[in-house]
Each structure stands twice: as structure tokens, then as C-alpha cells.
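By written order: A, B, C and D. Residues from 1 in each chain.
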Amino acid sequence: MKRVAVLTSGGDAPGMNAAIRAVVRYGVKKGLEVIGVRRGYAGLIDGDFVKLEYKDVSGITEKGGTILRTSRCEEFKTEAGRARAAKKFKELGAEGLVVIGGEGSLTGAHLLYEEHKIPVVGIPASIDNDISYTDKSIGVDTCLNTVIDAIQKLKDTASSHERAFIVEVMGRNSGYIALMAGLTTGAEAVIIPEVPVDYSQLAERILEERKRGKINCIIVVAEGSASAYTVARHLEYKIGYETRITILGHIQRGGVPTFFDRELALRMGVEAVNALLEGEVDTMIALQGTEYVRVPLANVLSTKKKLDLRLYELAYLLS
Amino acid sequence: MKRVAVLTSGGDAPGMNAAIRAVVRYGVKKGLEVIGVRRGYAGLIDGDFVKLEYKDVSGITEKGGTILRTSRCEEFKTEAGRARAAKKFKELGAEGLVVIGGEGSLTGAHLLYEEHKIPVVGIPASIDNDISYTDKSIGVDTCLNTVIDAIQKLKDTASSHERAFIVEVMGRNSGYIALMAGLTTGAEAVIIPEVPVDYSQLAERILEERKRGKINCIIVVAEGSASAYTVARHLEYKIGYETRITILGHIQRGGVPTFFDRELALRMGVEAVNALLEGEVDTMIALQGTEYVRVPLANVLSTKKKLDLRLYELAYLLS
Amino acid sequence: MKRVAVLTSGGDAPGMNAAIRAVVRYGVKKGLEVIGVRRGYAGLIDGDFVKLEYKDVSGITEKGGTILRTSRCEEFKTEAGRARAAKKFKELGAEGLVVIGGEGSLTGAHLLYEEHKIPVVGIPASIDNDISYTDKSIGVDTCLNTVIDAIQKLKDTASSHERAFIVEVMGRNSGYIALMAGLTTGAEAVIIPEVPVDYSQLAERILEERKRGKINCIIVVAEGSASAYTVARHLEYKIGYETRITILGHIQRGGVPTFFDRELALRMGVEAVNALLEGEVDTMIALQGTEYVRVPLANVLSTKKKLDLRLYELAYLLS
Amino acid sequence: MKRVAVLTSGGDAPGMNAAIRAVVRYGVKKGLEVIGVRRGYAGLIDGDFVKLEYKDVSGITEKGGTILRTSRCEEFKTEAGRARAAKKFKELGAEGLVVIGGEGSLTGAHLLYEEHKIPVVGIPASIDNDISYTDKSIGVDTCLNTVIDAIQKLKDTASSHERAFIVEVMGRNSGYIALMAGLTTGAEAVIIPEVPVDYSQLAERILEERKRGKINCIIVVAEGSASAYTVARHLEYKIGYETRITILGHIQRGGVPTFFDRELALRMGVEAVNALLEGEVDTMIALQGTEYVRVPLANVLSTKKKLDLRLYELAYLLS
């Protein structure tokens, strides 16, 4: 094997750069030429390639985002698009492709293998932690630290006033961020797509807690369940509560990667190159306990990661 | 002088606790008994007092919010309310009152002096930096560091995609936070109450910058000028731009106070006690250069702090 | 079971408070009375007890250190000392004891069970990550984030000059902190107790890298291997290098706990109470993958956690 | 005026990049070509020049260090060295030079003007805040935030144990960092070059405070007064105190610039270009209150900035 390529795709996640760095540096040390594909699958279709040398990835670990940039590419979702991408890839003369991204991106990688036998290895990167078979995906840890830091700031001010603060966090299909942030900051309520919300019950609960002497009232809501404004309207209507809203938005995708995301990304990058070298392709690198293993992409993609709802109960029990 | 009281009022600002600590500790060292008034003017009306000893303010500097809590008090805005507050204050037997808060709170303090000869000294605390005669108010610096940290995280992800990010920050009447945050992060546009916004011009400008190769597009908007959603709709309508929204909300009022806010609060607290001891009341402590001076509250309240619009031009020039 | 006790012991670790909070709140919700033992085993010997109610642990998650304080207690290392501690414990009428601490503390817990049948459950807390059977101990993650943040700051200035920066980190017997910090920040060298250091080789390596154009030179050294000053003297003597020293010291034990440490501590606290309730004592709660399991203390204490030296090679390979 | 140059010199300070960015962007907008000089005066002597375009300074504000790098240059301290530098400068065809640095660097700038009529404008950058006529120098604010963050972490662990923690901070001739950090974190003692230290008194004071119930004991020492080890030995000898040492070292020169340093640097950069354009050279830009003024370098260099020792008393009074 002489030449491999690497791309980042989908929503970006802190730590992607650390993964790129590891693929490049470990690859080079293993005698490979490493080609970066810019703008994800869109760049693959366009042949937007750049050779990455050892020094090109110097000092990128600490940067959020991805130096290769990402995109969401409609064309790649079609067979024709993937055929064009495969053609460009073959023209490049690369013998392996590392795809760093979330579920959609890994689906694309799997199809590239299925339809065109391109030797792909996936690295899970998704702040939602919604990829199965791996304990964590790249970006989750940094994202959650950003969210709890924000909630902590609200708690400062929350205990000075008498109001409800509603924090909308990312998570279109998964309540992981909202749940874990709520659990670890002691939020008064967590609203997630996995559990239907009953606003009457929520309102009652808040009133009760206020009676018991609680001053703080912080509600964390996953965007996939409701908007912060919807929650606010319900509380104002039902119990006349004044509310204040924070929508964190894309700051959840940025920030200097934490230690956890750096280690995760670095080691997944190394293992992705090893998997390519050993021909164990159409797989994804997964963290299981303290080990980095290879899981067939087919398995990953056919299994939905479930939220551990015992943690939801715990969040309420301990708040 | 034997006994003084201190209260925090209005929207809370990081550093208020450092000011309380300084008033208490410096006061005690000067032989005074210091009484904390809980919940601002509402607590004054209710006689919600607590004696604060040297140790009671240990370790509070680093905490956001205010240990005395604040409130917005409608009753205090009436003459009758202030009369009740003055009565309680006189029953307490205190000979001076330190009021830590924004313009509304300082107005209240001034009226307490005018109407009831209560010897007040004000300390300006307002994240908006909208209090005149003082270079900075308590909380501004921490707030701006919170905002630029958030924008920095957006820039990570912004340079990975091709979109506009709109960040709504505090500032009902003042664009100070938006302007200074935009200026120091190199935001592409700043929308503030002091300058009428022309969405067509804004849209054109963004398109031009994109042509010149700019990937980032971050727009900082003060809540008093427009909501982030309004800005988003205009950009989507006019140039079909995809936008992403962040509303920072009350996280701007929280956080561990910065060095600047700690020094400012500590020294203003000390000077407020000195002003009381020297009978120079109905004044506000102000930072002017490196000195802490006393300004008659009447002057402070009759002068509107103006935003330096040269900085607005600079923000555009350098972005 | 009606009453349980909890103590923190040994060097403190960020997250200990989150564990205390979980033990108290989960315990109370399970109908238990929870007693805090102040100052670790020293407090147990002295009967320094305090009842902890639900509200007493409000807002402590975000605090570094431990509200119960810790101590190192020589007396407890003797049979007589443990006998006194056991007597006090029995007088207290508690039926279970949660011990949060490192290897020494867990050894103490095990002896309390062996010698006096006190039903103990351990929670591993140690910034060195040197406790076996658990993927991570409480405090490791926060500590490493503090260390990489410091090294990152050095890198800013390091790439402005031409010098070696030597950072001494904690780790008397374990090089885990130094190794992982070095690996994830791309430090030029890592000096740890597990690998004999050859200063001539180190010096040569640095000279070579300088020749290859590297400007940065950061060396992370575990205190158990050498002091920063020793490393500096060697480099100055062998290659005339100017060096700059940072000794992080106990700032590595402080700081607001990260998301990872919060979740770890909270869930270990909950599981410790469950283990007590189910009578599975003389055990330690361990994180294995995504599960929290109970491991006999005898097993934990008879197994030395080994550093994964493949990571040492990786640190050099990728730096 | 068509071409100006800019260099950074001496110890680096967070915010230098923001100043470079402002000089370049504002310069370009004013129709100037801006040349960066690499490695300070050493680069000036060597003619190590690089043209800086608008885009070259994109995204550098948030970076610590300086993209132009700095050096300490012995040759430049000689007349011959400065003559060589002046020759290179004139060959470059530049008509103005912005020097960003501390007192030594500003002295160099002044000599370039005196000896060779090179039109220089200085920008004060020094974490020690030891440059006169300006309220603050670039880097001070970020440095102090780094230091107080470190001390805050120590306080977490300090209140869990019973020990003295000694923190050595920068400041060879000035105790500003130590004093201000000690004042704003409530450190128990501050040791600075400006005030002779009496270890017996210090020891007594600590014992007394311990008697009064204080658990924390944090001592901040400026490197120019004593090393942390010296302080530790005295305390151990005199009162048998166990001590723990932190030496922050060059992490005080790094880090993402704070809001304050960003604004300061940006506006000083702009004003430096204005001063060149208006021919008001051999000056330094100074912050005085909220205004940016031009002060003759001769005045700056002939005046020693004095530490306000009232703050020293205040630090002890309030600790």
C-alpha cells in the first residue's frame, strides 16, 4: 500500500483535526503517502485533493473544526454521484480511504465499498454520540464540556433570581447531549425526543420544587424534542412563569478539543491506518472499554444506538 | 459611624460578590458592622437583613451571581415604597448604604438620598457598560470574555462550512457588548440599536465578501436592535443564505469573574466604604484611568453614556 | 439498612464532591440517612461526623476539592488506629461506609472489612489513573485537561522562541499523566518512571528535530522520574540548551470537574449505594466500558495497573 | 507614505498577534504596504522580511505568541548592530516601523530614531505592566487571568488540606503580577521585589491565621524576589510547615488573549499606524483612561512605573 486518502464529512466535531493529524503522521511513518480530500464527499466528486505532509498537520490538534472542511453533499446520496466519486478516487491511485464523520458519512463510506469496492475505514465523529458499537464518538466530550460550562454560568445567575432558564441544545434525533448535560449539572428538567413531554406534569413539578425551597430552575431541551420557545410558552401559560432562553447552537460544535477527544481521535486515526494496512476494510474503528476495535460498517449502520433511559430517571431522582 | 448596609440590585453581573466581599472586609477592618440586605430593594422594604462577618464572604470572589441575590422591585419605584424602605433602613440603625447595581438601581439610591437623606454610595455594576462617568462597570469584562469565547467556538465551525452564523447578545438599549465582541473577534457584521440596520446593504456586503474568498460569516446582533431570527429571515429571503442561530441569553451574566472585574469590584468596594466614612455620599464610585473617584449620582444619572461609533467603523474596516 | 457513612481520603481529586452528592442524594431517595465523615480516616478515628441532607450537597458538583476534606492519617495505618476507627463507626450505628479515594484509601477500606467486618464499598479517585480494574478513576480527566491547557499555553510561546520548555507533572509511581499529556499535545519528549531515561539520547533527538526545522521543544516529565531541574541541567550541559521550567504542582488536583469526571463520580456514587444495599461489600465500583461493575477490593489491590507502553512509542512516533 | 514595517520583540505577550493584525489591516486600508519583520531586531539586522497581506493576518487574534516570532538580540544592543539594522530598513524602502514589545524593545526603537532617524512608533507589550505612561500594556490582562485561574485551582485543593501552597509567578523587577494576583484571589501573602520580605514575620502571620481558623494558605511570590523553594525552606524551617510548590513559568506568556488584551492591541495597532501617517514618531501609543494617546519614547523610557503600594497593604488587609 502506497497511498491513502482521508476526508471529514457531515457536521463537524471537535477532534476531527486530531484524527486527521494521526492518520497523516502515522501513515507517513508507515511509509504511506496521505492525500487529504477537501470538503468531504463533495470534494471527492470534484477531485479536490491535497497531499498532506508530516508538517502540514503540525499544531492542528488544538483547533476546533476541520482543516479539510466538510460539506453535506446531495449528489453523493445518488448512485451516480458515488460513481463519480469512486472514479476520481481510482484516478487518484489511492488504495484506502479514511472517512471521519457521523452516521450519514459512514453510510456513504459503506456504499463506496459495496458499490465500488473502495477500501474504506470509518472513524465515528458526532457530537450526538449516536453511533453504535463505540462507547464514544469524537466530539461528544468537548461538546458536553461546552454545554455544562454554559449551564454552570446560568446557575450563577439563576440562583440570584426567581425564574426558569431554558437551554436548547443540539440533538435532532438523540437526547444524549441534553440528558447528560442535565444529569451532570443537576438541571431541574430534561426534555428529549426519546421521552414524550407532558407540560402539565413539568409545570407541576417545578411549582412543587419551588415550594420545597429551590431557587434554581434550569430546563435542558434537545432541539429534536421542542424549541426553547415552545417550552417557554407552555410554562408561561400554565404557571405564569417568567422564562429566559439560551440557544447554544453551533458553539457546541466548536472549541479546543478536550483531552478525551484528543486521545480518542488520535488513537482512532492510528487504528484506521492499521486497519487499512491489514486489509480489514468496510469497518469502523470503535472504542470499547479501553480497546480500539474494528466493527463491520454493516453492523454499525444496522444498529440504532439506544439512550440509556435509566440515566433519565437518575437525572430526575438526583436533581 | 458604626453600622453600614450593602445590597445588590437589578440584573446581576459577575464581580458583584467581589464588591460585597470588599465592602464587608474593608468595613470590618475599619471598625464597622456590615449588614447585608437580601434581594435588593425588595429586601430593604421587607427588612430582609443579615449581619455579614469577615468569614461570611470567604471564597465568594470567584462565584458568579450575588450571594445577597437581587430582584427587580416595582414597589420601590413608588414614593410609598421608598418611604417604607427608608423606614426599615432607619430602624436598622445603619448610617450608610452601598448600592451595587445598574442605572435603575443607582436611580433608586439617589432617590433614597433625595427623599430620605439616606447616605448612599453607588457602585456601578452592569454588563452593558452603559453607566456614564466610569470607564467600566462591574461585569462588562467577564461578559465580553464569555461572548468572545462563544464566538471563537463558532469560528471553528464556521470556517468548516459555508453559512452565516448569527449570534444574539444582550443589550436592550446599548450595543456595547455586540460592538466590542464583534470588533475583537473580527465578526463580519455588527447590528446595534445605535445604528439603523439596512438589510439590503448587509446582504450585499456578505455576498461581496464571499466573492473575495471569505468563508466565515459571523453576525453579532444586540437584542435591542433585532432578534437573531429577524436577521436570519432577512438574509434567507434576500440572498438565500442558510443561517444558524445562537442566543447566548443569561450565560452572559454568569461565569467566574475575570481579573479585571475582580480588581474593579474589590477597589470600588473599598472606595465605597471610604466615601461613606468621609461623608461624601449621594455619589458613585467611578474608575477613571487608574484612579477611583467619586461622582455625584445626579451627574451620573443625567448623562447618557455614548457608544464610541468610531469603533463601529473600525469593526467594519478591519473585519 | 438505615444509615450509611461516606468519606474522602488521600490526595484530593476533582469530582470527589460529585461522588459525595450522588451518595447523599441517591441514599436519601433510597430511604437512608447519610453521614459525612470529615477529614477521611482521621475523622473516622475522631468521630468527626456530620449528617448530610439532600440540600447540603446542592451546588457542590462544580467545586474542586472535597467538602468533607481529606487527610493522610498515619494512625489509621496501624491496627490500633483502625480498631479505634471501627469502634467509632459502630457507635455511629451506620451499616455501610463508602470510601472515595486512591489505592492507599482503598487498602484502608479493605482492612476495615477484613479486621472489623465493616461493610465498605470503594470508589476509585486518583488523578494518576493508577487503580486497576477500572478504565478511569475520578479526577484523571479533569487533571489531564488542566495539564494540556497549560502545555497549550507553553506551545504559544514556545513557537515564538528557540528554547526547551520542561513541564513537571504529577505521578510519583505512574507516568500516566505525563504520557497522556505528552501524547495528546504532541510534546517532543516524555519522561516517565516506567521507562529509564537516557539523557544523551534525548539530547541528540532534540538536536535532530531542531535540524528538521522544529521550533517547539516541550518535554513533559513525571515527578517520579526526575525533577524538571534535573532534566534542565542535563540539556544545558549536554547541548547548551536554554530551558524554561514549569512545575504545575497541586493545580493538577483542582479545577471545576469536567463532564467525564462528573458522570463518572455521579454514577459511581449511585452504584456504591446500590452495592451497599445489596450487601455486595468489600468491593470497589469500577467503570468497564460503559458499565459500572463491582470488583472485590482484594482483586483491585493485588493487581498493579500497567501503563500501556504502546502509547509511549506512539507519543514519540507522532510528535 | 507607501510602506511600513512591523516587528515584535522581547518576551512575547498574548495580544501581540492582535496588534500585528490591526497594523496590517488598518495599514492596508489606508493604502500602505505592510512588511513583517521576523524574529524582532535580529530579523531586522538580517533583513528577514515578509510582505503581509490582508488575508495573512486572518484568524490570528485568538492565537497566543506572535506569528512574526521574537528574539532577544545581543547584536542590536551595540551601535554597530543598530547601524546594520538601519541599513537593512532603509534598503527595504519602508517609511515607518512599528515596534511591539517591552521596555528593552522600546529602548531599541528610540535609539533607531535617535541614531538613524528611522520613524518608529512603539506599542507597549509586557506581561509585567512595567511600562510607564500607559495604564496597561498588552498581555498583562491575559497573564493575570491565567495566574488567577491557577491559584483558584490551588484553592480548591488547599481548602481540603492543611498546608501552605507557594506559587512562583513572573516578575523579575516588578511585583505587579504577584501583587495583583494575590490581591484578587485573596492570597494569604504576597512576596514582591518592591517590599523586603521578613520570613519570621511571615511565619508568625501564617500561624496566627491558622489559629483564627483559616485553612487555606496560599503565598504568591514574584520570581524577582525569591524562588518558591526559598520561601518553602524558610517556612519549613521556621514553623515546620509542609509546603507545596507551583512554578507557572512561561504558561504566563501564552493563552488565548482576553477581551481586554484584544481591544488594547487592536486599538494600539490602529493608533500606531495613525501616528506614523501623521508623522508623530519616536512615540509610544499609550492607553490613558479610555483614550489612546502618543507619548514621546524619551518620556516613557526615562520614567520608571511604580507599583501602587497601597494595593500591597490592601492585599494584606483583605486576605
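Here is the rule we go by: a residue touches a chain if its C-beta (ideal position, glycine included) is under 8 Å from a C-beta of that chain, and two chains touch if they have at least 3 such contacts.
Remember, it's a predicted structure, so these values are computed and weren't measured experimentally.
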If a chain touches chain A and chain B alike, it appears here: none
Between chain D and chain C, distance of the C-alpha-averaged centres to the nearest whole Å: 35
Mean-CA-position distance for chain D and chain A (Å): 39
Euclidean distance of C-alpha centroids - chain A vs chain C, Å: 28
Interface hub residues of chain D, defined as touching at least two other chains: 152, 155, 159
Category of the chain touch graph - line, ring, star, complete, other: ring
Interchain pairs in contact, sorted by label: A-B, A-C, B-D, C-D
Sites on chain A touched by chain C in the complex: 18, 21-22, 25-26, 29, 55, 58-59, 61-62, 135, 141, 144-145, 148, 152, 155, 159, 180-181, 183-186, 213, 256, 258-260, 262-263, 266-267, 270, 288-290, 308, 314, 317-318
Of chain A, residues touching chain B in the complex: 12, 14, 63-66, 69-71, 146, 150, 152-162, 165, 244-255
